[in-house]
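Paired with chain B in one complex and with chain C in the other, chain A is shared by the two complexes that follow.
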Partner chain A sequence: MRPLKTLKKLYDDESHIITTEKGSPPRVMFYGEDFWVEDLPVGTRVICARPPLEGVPNLKAAIRYAINHPEGMDPLHALLKPGMKVTVALDDISLPLPPMKTPDVRQAVLEIVLELLADSGVDDVHLVIANALHRRMTEAEMKRMVGQTIFDAYYPDRYYNHDAEDPDGIVELERTSHNEVVAINRRAAESDLVIYVNINLVPMDGGHKSVGTGLTNYESLRAHHNPQTIRDSDSYMEPGRSQLHRSTERIGRVIDQHCKVFHIETTINNRMFEEPVGFLMKKEEDFTEFDRLKLQSFKYALSKMPRALKRKMFFNIYAPYEVTGVFAGATEPTHQKTLEMSWKQYSVPVQGQSDIVIFGMPYVSPYNVNSILNPLLVQVMALGYLYNLNRGVPLVKKGGVIIFTHPCYDEFDPEHHAPYIEFFNRLLPETRDAVKLEHKYEREFAKNPSYVHLYRKGHAYHGAHPFYMWYWGENGRQHVGKVIAAGAENNHVPAIMGWDRTDTLSEAIEEARGFMGRGASISFVKIPPILQTDVRL
Partner chain B sequence: MKHEHAMTSPSEAPKKAGKAAFFDVDGTLISTNVVHAYGFYAMNTGNYLGIAKRSLSTLVNLPVFGVLNLVDRKIFNEYFYRQYEGLSEDRLFTLSRDLFTDVIKPAIFPRAQDLIDQARRAGCKVVLITGALDFTMQPLARHLGADDLIANRMQFVGGFATGKVIPPIIEGANKANVIREYCEAHDISLVKSFAYSDSASDYAMLTAVGRPTAVNPDLRLRALARSYNWPVLDLR
Partner chain C sequence: MVPLFERRPDLERAGVIRVWLFDDSATMVDQCLGPSMNDEVVSFITGEVEAELQRRWISKGRAVRYLHDWRSITTYEAHGRERLIEWGKVSKAHTAEAAICLSRSASAFIRIAAVTGVAVLRMLRIPISVVDDLEPLLAPLRSRRAG
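== the complex of A and B ==
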C-alpha cells in the first residue's frame, strides 16, 4: 500500500510541470551515450512524464481474458478449426524502446496463443516478424523475443522475417478508393487466419498500421511514406489528425475485407529504467543523495569509456516495462481501446506552446537497436519523433527553435545502415528538399540491387528507408524556424542537416533567444521516459 | 576510337537510357580462379606424360603466379596464359563443359544468383567481366543467366592455342575501358550502372560506374569501400 503522500503526487496532473526557479536543481538529460547535467534559465518550463501506470496483476490471465472476450469478433478459440492455416505476425525489434526485459510480452502472448492453436488441431502455423522495410532481426534477437522453447520449435522454417522484396512472397490485393497499392505477405494473405501480436509503445503504432505496414512492400508503403502525406499530418502520434493514418486505414480496410485478422494489442507503461539507473525515472527535485552519487558515478565511468563500449553497455540495460492492458479482436475497436490506454499513460496537459523547446537526445531510436544513432537518425529523433510527441498541436510555436543535445558524430553502421551512408554523403549535400529527393532518388535507392541484397540477405534497412527517415522529419522541418545541435562535436553534420551548432546548452539557449527575442518562452521536455504533450492553446 | 570512349564523362551518361550490372567473376561470384581452371585442363589433356608435365609445371609455377598476381596483374595474365600453349581448341571447348559441372558450378557462391536476379529485376543488363578465358566462362554465363560475357580470348592457330591472349587483355584498368566501350555501344549510362568485384585490382572498373559495390572484398578493397562509402556485400 502506497502512502497517501505518494498517491497524491502520482495523481496530481500539475506535478508534471515544473517551472524552474533560482534554487531549482540542474536537469539531467541524455547527450547520446552520455549524460549532461545542466542548469536551465529561470522560468523554463520542465515537462515530466507521468509516473508508470500499474501493470496488470496477472499477465497470462489478462491475455486469456482478452482473446476470450474480444472486441467486434468471436473469441479466438471459436475462430479455430483443425487443419486450418494460421499466420502469427509479430512487431519487430523497433518496439519497445529500450528493448524490454525477458520474457518479452510477445513471448507471453505466443505461449498462450500457440498452445490454444495446438489444442485446436491447428498445426500449420508460421510466425512472421512484421519488419516491413526494417532490417531483418538476427537469430539471437529472434530467440530473445520469443524465448528458447518457441524458437527451437519454429526457427528457421516456421519463424522468420517478412521479406518485402521476395518476388514470390507478396500478393497484391485490390487498390483502395484513393488508388493506393495494397500488398501483403503471401503467407498471411493465403492463411485462413492472421493473428497480429502487437506492442503499442506510442499511439502511432498498431491498428491498421500493423498488417498494412508491417507485412507489405515498397510499392504499398509509398502511398503514405512520402513527404506530402507527412506534411498533411498534424501529428502522426494522433491517428485522428494524421493523413498517414487515414491512408493506412484505407489500406487496412481492404486487407480486412480479404483476410481475417485477429489483433492482440498490448500496452506497456513507461517504466523504462530501473536500478542502477532508476534516477532517470525521477524528477531532479526528488533525487536522494544516493541518486546524485549514482549519477556522478555513471558520468565519471562514461567519461572514461570509448563510445562503442558505452553503446554496448546501454543496449544491455533492458527496460522493466509492465503490461498495462491487453486488447484483442477486430482492428478498429481493439485499437480504440489501445489508444485510450496509451494516452492515459503518456498524455501530459500543457498550457500553451513555447518559443524554444529543449530535448535531451538519447542513444536509441526505433531504427538503431544494437547499433549507432547516426546523423540521419538523430534528425528523425529530433524532428520526427520528439517534435511529434504531441496531440496535434506541437509544443514549439510555428517558427520557433528546437534545441537538442547530441554529439552528432559522423558514424554509420555499414551492416545496418548501408543506404543511409550514401544518402547522407551524396544526396543531402545536393538537396534537403524532401520532394526533390523523393522524385529524383527514392526509386533508384529502393531498386539498387546491392541495397536490396543487403536487406534480404544481410541485416540492412531497405534502400528506401533513409528517405523515410528524412520524410519523417518533414513535419518538424516545415514548422520550426531553427534547429540547434548543442554539443555537436563537428561542423559538417549540422551543416549538411541545415542546423546550427553550439558547444554547450547555454550557448544554444543564448542563440535561440537571439533568434526569438529575449522574452522567449522555454520548455524542456524530460524524455525519456516517454510522454506526449497535450497542448491547450 | 578508344580515346573517344575513354572521354565519356559521367555528366553525359544520364542521357543514356539503359543501365547494366557488371560482375567480376573469380572471387566475386565463384570461389575458384583462373589457375583452378588451367589445373583442370592440365589434368585432363593429352597423354599421361603430357598430363604429368603440365601438372608438374603448374605446381612449380604456383609461387610465381602468386608473386606476379600481387606485383602486376597484366604480367601475371601474359605469363599465365602461356601455359595454354599447344593445347587443342576442340579439347579445351569440350573440357570446359566438364570443368563447369565438376569445378565451377559447385564453387558458385550461394547468394550469387540472388544478386544477379535482383539486378535483372532492377532493369539492369547483366554482364560478366572476367580475366578468365571465354570458353571457360560461357557455361557459367549461361547458367547464371547473364546477357553478355566479356572475357579474355585465347589465340588459336591451326586448332591449337598459341598461349597468347587476343588484346586487349581483360584485367585491371582495361576492364574499365572495356566497360566504357560496352556502355557506349549499348546505349547504357555509366552513372546508372553497377559494378561488383572482390579485389582492389578492379578499382578502376569500380570507379568507372556510378554504383560500385565491394563483394567479399579483400582487405585493400574493404578499406577503399569504407573510404568511398561503397556498399559491402557478402555472397558466401
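== the complex of A and C ==
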C-alpha cells in the first residue's frame, strides 16, 4: 500500500485533470461576453485550476509583518528619515483581472505605508502609477484603487500616472552590459527611496519588471519588448525560462544600483468570481441543480442584451480575491517568495502535451479593462497569455492546433486603442511578420505625434503598444501549426490574423482533427480561474 | 461626383478637390473627389487653400468655419494625416468650427483616422466633429451670395 503522503500527492496532482467520458457533463466556457456550454469529445483532457488558497487571516497584520521583516533589506521604518523624498509606485489597472472588490489590496498597503511615512516625518511623498506605455488611468479608476481618503489627500498633484513621453520626466541611467537602455521616471530616480506596491496576478509580473518596465519609456522597453526576445522565451510566465525576464533583470539590477527600491509584493488567490456567477469557479461535475439554473438564466439574460450592455455588466463584476501573501524587501529575494506562492496557486501538473488545445476566451485582458477586447487583444490572449500559461513547456505540441471561442468582432475602442486600429487595418494586411513590422513601422507609430498626444493627454495606449501585443503572441505563433477561431462572426478578422474560423466548436474540433489526425489528443483548459500548466514530458 | 454648389469652385484641382469660399460667414467648404487623402490633397489644403484663407479672412482677424466633405476618401497616407492634424493645431486661434463628413459606409480604418485627429484637436479645445451628413451645414450657404 502506498504511504498516505504519496497518495495525497497523487490526488493533488490528478484531481485537477478530468478525462471526458460518455456521460461527462458539458463544459462551460467563455465566448467573449457570452457563455458556451459544449460537449467535448470522449477522451478530451479537461485541465482545471487548483481551488483558491486560503487568504491571510489578517491582511493589515500581514502587511505590517512583511515591511517589518523584509527580505534582504532593513525594515521599512529603519529606512525612513524626516525630510526625505519618497516615491510610491503602484501597479496599474491591468492587474488583477477581473478588477478586485474594494478595498483594493494596493489601498490596504498604502494605508499602512503612508501612515508610517507620516509618523516618520516624511512629507515629500508622491504616488505614481507605473503604467509604462499603458493608457493613463481615469480619475474614477484612480479613486477606486486607493480609496477616497488617500485620493483626496494626494490627487492630482501627488498622485498621478507615469508619463513615458514627458521629455523632462525621464532620466537615463547607465546602460546594461548588453547595451540595453535603462531609463526611469525622474521623480523616482531622484527620490531617496522608492517603494513599489505590486499586486501579482501571474508570475510574469513583479520583481525587476516592476520598476524596469512600469516606470520607463519606449527606448528602454525596446530592449525586451521585441519579437526576438519573445521567440527566445520558452514561456514568459516562467521567469527562469524567459529571455524577457533576463533582460528586465539586467535592467533592474542597474536601477537597484542607482536607486533604493523597497518592494512590497502581494499575491492573491484565484477566487475570480462569486455569486451570481460562482458556477464559473466549479468543475461541471460539482454543479448543483441551482448552479445549472443560474447558468441557464444567465445565458438567457445575456442572449437578450446588446453586446455593449453585456460588457458593462461584466465589468461591474468584481473579483472577491483574497490576499495569500505579502512579501517585502529587496527585489530578488522578495520576488522569489512571491513566485513560490504564485506557483502554489496556479501550477497544475500535466502529463504530456496535446495535439489540440481548446481555450474559452473571456471578455477581458490586461489591456481592455472597461473597454473592448478588440481583435489584436483576442490575438494576445490566444497566442500570448493563454498559450504562455505554462512553465516552459507549452501544453500544445509543436505544430499543433489552438482552438479558442470568441466572436472576433471587428470593434475597437477609439479612446483607448486608437493606434491598434491603424495597426490592424493598415499594417496586418501588408504583413504578419513581427520582425518586419518592428523594423518598418514600430518607430513610426511610437513617434506619431497624434498617438503621443492621445497617450499623454487622453486615455490611449501608446503608439508602440499594438506592436507589443503582436510580439506577445510571437512564440505561440511560431509554435503552433494552426489557430481556429470557433464562433468567429465574420471572415475578415480571422483572415487578417491568419486563422481559420468555424461556426461551432464541434466544427473546429473536426477541422483540427483533420489537420492533426483522427487520433489527435485534445485538452481543454478550463479558465477561469487562472491556472498554469506544468507539463511533464 | 456632383458638385456641392451650383457655382464654380473658388479653388480647384481637377479630379482631386474642389473648394468654395463664403465671405459673409467666413466658411470654407472642400469636397474631395478621389479615394485617397494623399500628399497632393493635403498639400493643396494646407498650401494653396490656407494661403487664400489667410489673405481673405485670417489676416483680417476673422475666424473660419471649415466644412470638409471627405465622403469619397477610402484610404490615406499616415504622413498626410499628421500634416492635417498639425494644420488643425496651428489653426486653433482662428477656427470657429470644423466638421469632417465621412461616408456612412466608411471603413473603421478611415473613421479612426478622423476620430484620432478629432480627438487630438478637441483636447486642444478646437470645436471639431465628425459627421455623416453635411447638409444641415451646407443648406444655409446655398441661399447666400457667394464670396
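Note that in this section the second predicted complex is superposed on the first by the 526 of 537 C-alpha atoms of A that agree within 3 Å, B and C clash if a C-alpha of one lies under 4 Å from a C-alpha of the other, contacts with A are read in each partner's own complex, and residues count from 1 in each chain.
Going forward, a contact is a pair of C-beta atoms (placed from the backbone, for glycine too) under 8 Å apart; a residue touches a chain by one contact, two chains touch by 3 or more.
Values in this document were obtained by computation on a predicted structure and should not be read as measured data.
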item	value
Combined model on chain A: chain C and chain B, fit or clash	clash
Touched partner set for A:Phe35, first chain B, second chain C, both or neither	neither
Which of chain B and chain C A:Tyr159 touches, first, second, both or neither	neither
Partner chain(s) touched by A:Lys447 [first = chain B, second = chain C, both, neither]	first
First, second, both or neither for A:Phe327, with chain B first and chain C second	neither
Touching partner for A:Asp410 - first (chain B), second (chain C), both, neither	second
Partner chain(s) touched by A:Trp472 [first = chain B, second = chain C, both, neither]	neither
Contacts of A:Pro167 with chain B and chain C, given as first, second, both or neither	first
Chain A positions touched by chain B in one structure and by chain C in the second	414, 418, 421-422, 425-426, 444, 448-451, 453-454, 457-458
Residues of chain A that touch chain B when the two form their complex	165, 167, 414, 418-419, 421-422, 425-426, 444, 447-454, 456-458
Chain A-facing residues of chain C, complex	78, 81-82, 85-86, 107-109, 112-113, 115-117, 119-120, 123
In the complex with chain C, residue positions of chain A that touch it	410, 412, 414-415, 418, 421-422, 425-426, 444, 448-451, 453-454, 457-458
Residues of chain B that touch chain A when the two form their complex	21, 111, 114-115, 118-119, 121-124, 192, 194, 196, 211, 213, 226, 229, 231-234
